[in-house]
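Two complexes, one shared chain (chain A), two partners (chain B, chain C).
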Partner chain A sequence: MAHFEKAKSLNEWFDQRLGVNTLNRVLAKEYWIPKDINFLWAMGMVLAITFGILLVSGIFLLMYYQPNVDLAFDSVNYTIMQEVGYGWLWRHVHAVAASVVFLIIYIHMFTGIYYGSYKKGRELIWISGMLLFVAFSAEAFSGYMLPWGQMSYWAGMVITNLFSMGSLEMNGVVEWIRGDYVPAQAFLDRFFMLHVLLIPIVILLLIGIHFGALRLPHVNNQNGEEIDFEVEAEKYRSGNKAASKVIAFANDFMAKDMFVVAVFLVFFFYLVFWNFGFAMDPVNFDPADGLVTPAHIYPEWYFLWSYEILRPFSKDIGLIAFAFAQVIFFLLPFLDRSPNAVPASRRGLFNIWFWVMLVDLIVLTAMGKLPPEGIYSTIGYVAALVFIALWIALPIITKLEKKL
Partner chain B sequence: MKELFILAVVTFFSLLTYWLVEPFAHGQMHAHVDSKSFAYADLPALTKQGDATRGADTFMAGGCIGCHNVKALGMETGMSAKDAAAAYGVNPPDLSNAGAIYDAKFLADLIKNPAHAMSVEHKFDDMHPHPMPAFYGAGGEDIDQEIADMVAYMQSIAVKAEEVTPKMAFEDACGRCHAVRYTKWTQLGEMPNFKYKKDELRFQADVLDAQDAVKAYMGKLPPDLSMYIRSRNEHFLSTFIEDPQSHLHGTAMPRVGVTAHASEQVIEYMKMAGDPLAADRDEIGKNVMIYMIFFVLFAYLWKRQIWKDLH
Partner chain C sequence: MGKAFGAVAGVGAVGALYAMKRSWDPLPSVKAAGFTTVDLSTCVANKLVVEKWRGKPIFVLKKTAEMVAAQSDAQNARDIVIGDDHYMVNIGLCTHLGCIPAYRDKKHDFLCACHGGEFDASGIDTKAPPPSPLVIPPFKITGNTLILGEEGPEFKKMKDAGIIA
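Moving on, here comes the complex of A and B:
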């Protein structure tokens, strides 16, 4: 048994047993963050807070939700929305947070792409982030099934159908996933389990890995400057904080983060109380009915771009394009052949690539919601082709890029 | 300020995306129908001044109370709602407050030609007549005068137009076909609290029978309207109530002919059923906002304090 001195303070007692001072030093006081950053660097904290909001509101909803095809709709829309004190508040908070979290994820992703924060040792940050994106997508989709409204049912029908793999007609796989020929009790039960247990555990693990992947390569900065963290940290420690190019994670970086979080929460609660319609589709306030197909079936806004890559093509090609769209972002650190980890504005062709990609995704998002008719289906088709072409062009244009 | 510029760029693309997937896309998906202010301009204008006293006699002579209750005056057909539904498809409305809930022009045209007033002529013909027989006059010289008298009579026995409550309007105009389970409303009226399970089951069995009758009459069971205030918006509901055909051409749902005020009451009832806590949302929202603005201020002060050594 190791030798333990009698502790003189509570802090020392914990430090002997848990090494809290070391943890505090490594993870906060001497976790160096570049000073040259803007508010986009706070999106990680905004996401962490939003995830916390989802977790807490979800726990409250879980206490009253009934995962049963006959009861689910009313347990949400009557029990939680009307009978449980402040149940409506938790439900609106949960629904709006589930939608807004994707807005922040997309801003976070595009910040990473713009500043080249997936390169030179930061590949695992990007990949773990993309895994989080997939896990959040699965969490959002499974959660969307739970109110058992018309959109839950038909989105569940459409998405599980994808697993028949087009002309391969693997209908057995679809039935295996659903536990039935159509979405029904078994389907609801398993998506309930995924939503409240398995996927949240995966998300928590991935968040740990995502944070961990960040610790050694450090956070990127606004100008892509290569910083000697040892030298700059020494300046900071010696009291010359103003001249140092780094700041401590806590409280320096945290103080700025929390200000951004506070402003974000004003926006968030405005949506929760006065503009929640975008996060709670009207169609899903009709109870699930397998005999009535809604006039328009569309996913939530954050899935629209990939839905639109699936939709304009024939069945098999659409599926291949869809699969391509799902995995291609993972490969970004390897498809970008340029050695420059600097903002896109200084990278010539890549700068154009970035803005075209952003606009293309917005066009795809809009067309994914609009009915696939006439001009909309043509625009969607072209935008989907542009998306694929951009990824094919990426290694070429980045290879041509001059080293700065 | 570079940060403000970045914020402007992020805000621009976020709002653009929002506008495209919400207002724009929904505008493209759903045809916009303008309200016609419940004027019922397609119905013939009333040309005769009605007389309620004469109308009372015509009302009796016309045989209205053969099928319709007028409970306010103690006139009842003696038929249960369930039996009436079985006999006519839909339980005919009690006429106690019809004069206040329905538009006068609509009532007049309804008496003369029910399928026309209700815009369901595509459902009925001579072989399959509307269950309410058209009124061909009660022996008077001028059928329009007789109808005007009856309308005046119905208005005279009804509550004042502004006294029509959400419940009255909904139950009369909508509740004989549509259930609202969140307010315990069924096609046979409000579900009572039963002491014995078997009484409750009997009642529910009766409701199922009434629903079967309505289903047979309408082609499908009209939907439960509990959450319609959230699954459809207020403008949609208002224009749909005014003229169902304008949104859903060929629908079996009749135009019910409510006045603008009664339509507002119907929508109010649907709010009570599906979104009764809307006022709380506003109230609590304001308090949360005040709290959050203080949070922003304190967070900003903390940031300033920490960063004054860093610049």
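Moving on, here comes the complex of A and C:
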């Protein structure tokens, strides 16, 4: 039995039993954030808050949703939308948040790429971030199945067919994933389970790892400057806050973070109340029908770029290109051979690489939305080739880069 | 001691994984193959009929005399012939990623809207990305009736000729 003094305050009582003061010191009061950063560094917090919003709105949807092929469509489009008090609010919040979260993830990713925040000790932050991206993609896809509309059904058909691995014709695997020859009851039930339980648990674990991976390397800064955190923290602690290059995460930095979050939330609720249409595909307001394909099948906007990489090629090559696009960002810290962890603007060829990559992804996204005909096919084809070429060029141009 | 513990735990883990795999398998009730019967005598030439078999759409297309006259051997080999009538009977799912192609009765071909693939009136792929012809489901003919889900002599003949992979 360890020795315990009688606590003089509630805080002390908890500190004796949980070490809350140590936790607070290590994770907040003495977790140092460089001053030389900008609003893009608040995107991580915006993501954390958006995930919270998804969780809360999801819990309310869950109370009336019916994971049954005969009932699902009406439980969403009739019960939740028309009968449940403020049910429409949860649905619009959930749909808009699921779409906007990808916009923020992409901004967050490209901030990391621009400032080189994926190397020199930050590799695990990057990899856990990419795992979060994959988990969020799976979460978005499984959630998209639930209303059991036409787009749910046909997206489910097309995406599960990817697992036949092209000419390998592994149809058994596809049927195993679906639990049926076509998406049906077993399919809806298991994707429901994934969406509301298994994937959210994985996401929570990954967020924990992502934050843990940040603690020792600390966040990067606008100049890629290597900061001696001990020295700067000492200045801060001794009261010389103006001269110190860092501030404490709580409460100083949190106040700034939360300001950006507040601006984001104004924008977010504007979308929820006045412009939610973009997050709800009109085709998905028709109930699932296995005998009619919609005229155009396209995924939500955030998957368009990788879908467009699949589309212009023959089946097998398309699948290989698609698989390449899905995993290649994981390898960024290892394909970038340059030791410079500074903004792209100071890295010569890499600066060009960064902007061409960004524009290429936007072009792929736009072409993915358009029907696969004529000039659009050609532009999509070229953009897909550019994407692949950029990744082949990356190790070469970063190897040539001068050490700063 | 450690090894013995590891071995027991390993056996348990493999067993658990197997149970999980089996729980995701299609249920016996799902697998018990359904049979679908189609009366071909009601078909109208150049008008696509879509039947349902095991949840999948089945294309049944009776061809006009002009269409038959213009066909190659490869196209003829995929037709079901009853008397003088030629029928195309295929699973109506694109061999690329499984959308349902639409029949264009003026051009006598199929267009898949998902990624722009095309098939002729015998189900042979004519434009990528689909890598292979539409699939011919197991069928049996008795008189003018088509039974899907059963392998009749005509189906076996196509299989022997290498038309059905």
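Just so we're on the same page, the second predicted complex is superposed on the first by the 404 of 404 C-alpha atoms of A that agree within 3 Å, B and C clash if a C-alpha of one lies under 4 Å from a C-alpha of the other, contacts with A are read in each partner's own complex, and residues count from 1 in each chain.
Note that a residue touches a chain if its C-beta (ideal position, glycine included) is under 8 Å from a C-beta of that chain, and two chains touch if they have at least 3 such contacts.
This one's a predicted model, so the numbers in the text were calculated from it and none came from an experiment.
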Partner chain(s) touched by A:88 [first = chain B, second = chain C, both, neither]
first
Message: In the overlaid three-chain picture, which partner chain does A:179 touch, first (chain B) or second (chain C), both, or neither?
response: second
A:38 in the overlay: touching chain B, chain C, both, or neither? Say first, second, both or neither. first
Inquiry  = Going by the contact rule set out at the top, does A:285 touch chain B (first), chain C (second), both, or neither?
reply    = first
Problem set entry | First (chain B), second (chain C), both or neither touched by A:377 | second
Max touched-residue count on chain A (chain B vs chain C) belongs to chain B
Determine, under the contact definition given at the top, whether A:263 touches first (chain B), second (chain C), both, or neither. first
Subject >> Contacts of A:297 with chain B and chain C, given as first, second, both or neither >> reply: second
Requested in this report: Please indicate which partner A:358 is in contact with in the superposed arrangement: first for chain B, second for chain C, both, or neither.
Outcome: first
Chain A contact set shared between chain B and chain C covers 295-296, 371
Given the complex, residues on chain C that touch chain A span 21, 24-27, 30, 50, 52, 54-57, 95-100, 102, 113-116, 128-131
Counting only contacts in the complex, chain A reaches chain C at residues 154, 157-158, 161-162, 166-167, 175-182, 184, 186, 190, 290-297, 310-311, 313-316, 318, 371-373, 377
The answer for chain A against chain B in the complex is residues 35, 38-40, 74, 77-78, 81-82, 88-89, 92, 103, 107, 241-242, 247, 251-252, 255-256, 258-259, 261-263, 265-266, 269-270, 272-274, 277-278, 280, 282-287, 295-296, 301, 304, 358, 362, 365-366, 369-371, 376
Counting only contacts in the complex, chain B reaches chain A at residues 2-3, 6-7, 10, 13-14, 16-18, 20-22, 24-25, 28-29, 181-182, 223, 226-228, 230-233, 274, 276-277, 280-282, 284-285, 288-289, 292-293, 295-296, 298-300, 302-303, 305-307, 309-311
